[in-house]
């Protein structure tokens, strides 16, 4: 492990040990679920495992309720992401291009749904639905998810706008491109990867969200809701393990690529200077 | 045609601004703030206990209910847990954040940051679920504790009334571990960001002026990274305050705020009381945010 | 369409205010067809704001701007046939050099073969043949500069605006580009409007110069007019170096009250017994400091009765040994009366 720092000092053993311990604490628990997908034990979480079996993956595949939950979660995440992309980009563009009074307030308003505990958003939306007699539907879930997804796209796109060389938009218009052409040929290519990164994060956020969803889903079951019901009243322990792993995998890749994308972009910019 | 629209818009920057800002603002103000405000209004209504119906008349009686001993205990219990979790996370996060910021090569740093941010973004529920497996009586942690022959110590700890319980999963200790685990990434990233901003020249200046490494750490690095700790604590504190998934999943019998709100609005149908109780975390968070801003913690977000 | 008899650019009582700040204050300028015109001034003097208003990025708060007689004050940048070379070049990082240059033609719907042909021609003009496939990040500063120029010129603008385009280049490259830019301007015959804070650059390249100070135009004129006949103390001080004499000293030297400027190279340094011809003024003093600069020597002379004057003399016959001996000695300064300019208060 390279331990030479910029300042040329070496990390002490104590520091390294504490860092490794923190990293293990962050990641080992998830690995334990992987382990448990192989247990033949249906009733308890006995460790060491009494044996090894791969049958639960097959069992999970056969469960129509799981497929329905998965489909619903994917649909909700896709539409919430789309809404977040549009609303977040508009807000970022507005804040970037003008110095209007209250732009701090906009940022604050958008951050609020992730800064306040999820239960606040959840119960507020639930109460509002009750007040106006709106019945639970696919759209009530989407609306709930969009509130906290917008800020993810907003932050990513605004950061990219701020790193974009300022005079590019002026240069484009100066060369005769109208606002729409300027967006298509200059602005969009510049923010495309930020949209991709923000969109993937928003997707992951929505896909495994459970707190707000419990308040806005009614009788519908998303995948996280399905897992949650198993947490309080376990019936299908081994299948739950498989589903948990599925959720981990479905969210891992978008997040991983989004992070790589942001890291790469800052690398490229750093290199060109 | 497009050119005309474009020219028209170019000459009216305020119109463009409102077109851009309109949709997100309308959405957030109408849907989000509107709902929050509606919730605030409900907290001033009350539930007629005899009929079980909500009476839409202004009253402070619902807020008075919060100060009944049972509810007050819930608040104290939750705030205590949030505080303990925040302190524990700060202690666990700092060394790793410090290592990432000061001792890792650029390449390793990228990977370490990814290793920290992936759990931050993903699978909150699955990460709670993992601890259900780990903390189970017949599960891996008990096995490990028996292996290293500390089961006597564990039993002794669980015998305390305030922090103990019938098993690790059902005790506040178990819940504390899960909360600390779940919110840890929210503490690492702001601290790392704050540390990243301490210029090397400052450290060199400090050692040049004769400070030993430990003195430099205490007098320069620690104060300068404190805003990062505060920023991280905003999340760990707020998220613990409002969470109901962890207590429900672990099957704890003593209520926490989130759990209480969940059951008041759900089975009890007492939306006013649930609303009033939610205002607790909201007010605490707003005060917290204001204090944090004065400390300059927002720069580290 | 273009009325050649009208000025290329005309400012009619143009002001631009940002809140309480008067970035440009009642400016009247006329820039002729085919001219190389410089807007010169210290930073914050309003020259860049003027350029941005010509380009269309900013609108005048008051007054009108005409492009060959057409009122363009309210037109967006994409509806006026004016192009800009930006200070930071503003090349599109996601396009290669060829696509950058062809951008203006592309958005106007010029066919691809035509675009390629014209890009080749213009690359030739700016001496970047064969660089079409490179990305801007693979070019040096000077090359990016040429691409920015080519990208603007390919559209045959009526007026080309250059916003401190040489600011980021090192001295050698800068001087080379000054010559090259001037040559290109003469070849294409387009009106160039050049913003700079570098007086030497403005003097070297321009047909005419407008000198800005705090949002106002101090003087408009050819380089020699501005240098030889500065209209104000500010102009005298900003363009080249000048000695200002005023008050009692001015009265003693010239017999008149007022403020006068004399360029240091116009003053001759002689011994105290030298005879001064009747068409010259003179003043005596002590040589306080001598700075030998190879090509010439700079003397600081403390005049009797107050005031310090800088004198520059070419080292035609003298060496550093000779000139350094003068330090501390008394000397008589004299200069032709016609080189003394009254610059007002």
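Chains: A, B and C, in written order; residue numbering restarts at 1 for each.
Keep in mind that, in the parts below, a residue touches a chain if its C-beta (ideal position, glycine included) is under 8 Å from a C-beta of that chain, and two chains touch if they have at least 3 such contacts.
What you are looking at is a predicted structure, and each value in this text was computed from that prediction instead of being measured.
Novice: Quick check: more C-beta contact pairs in A-B or B-C?
Specialist: More contacting C-beta pairs are found at A-B.
Novice: Average the CA atoms of each chain to get its centre, and name the chain whose centre is farthest from that of subunit C.
Specialist: Computed centres place B farthest from subunit C.
Novice: What chain lies closest to the overall centre, CA atoms only?
Specialist: A
Novice: What's the distance between the Cα centroids of subunit A and subunit C, rounded to whole Å?
Specialist: The answer is 54 Å.
Novice: In angstrom, rounded to a whole number, how far apart do the mean CA points of subunit A and subunit B lie?
Specialist: About 17 Å separates the centre of subunit A from that of subunit B.
Novice: When the centre of a chain is set as the mean of its C-alpha atoms, what distance in Å lies between subunit B and subunit C?
Specialist: 59
Novice: Would you pick out the residues of subunit C that each touch at least 2 other chains?
Specialist: Subunit C, residues with two or more chain partners: 76, 78.
Novice: What are the residue numbers in subunit B that touch two or more other chains?
Specialist: Each of 3, 6-7, 10 in subunit B touches at least two other chains.
Novice: Please list all residues of subunit A that touch 2 or more other chains.
Specialist: Subunit A, residues with two or more chain partners: 173, 178.
Novice: For subunit A, which residues count as touching subunit B in their complex?
Specialist: Its residues touching subunit B are 1-7, 9-11, 15-16, 18-19, 22-23, 25-27, 29-30, 32-33, 36, 44-48, 86-88, 90-91, 93-94, 97-98, 100, 106, 109-110, 112-113, 115-121, 123-128, 130-131, 143, 146-147, 150, 154, 173, 178-180, 201, 204-205, 208-211, 214, 224, 227-228, 231-232, 240-241, 244-245, 247-248, 251-252, 255-256, 259-260, 263.
Novice: Using the touch definition from the top, list the residues of subunit C that touch subunit A in their complex.
Specialist: 55-57, 76-78, 82-84, 86-88, 90-94, 103-104, 106-108, 137, 151-152, 155
Novice: Name, in rising order, each residue of subunit B that touches subunit C in their complex.
Specialist: It is residues 3, 6-7, 10-11 of subunit B that touch subunit C.
Novice: Could you please specify the touching residues of subunit A with respect to subunit C in the complex?
Specialist: 165, 167-168, 170-178, 181, 185-186, 189-190, 272
Novice: Mind listing the subunit C positions that touch subunit B in their complex?
Specialist: Contacts found on subunit C: 74-76, 78-79.
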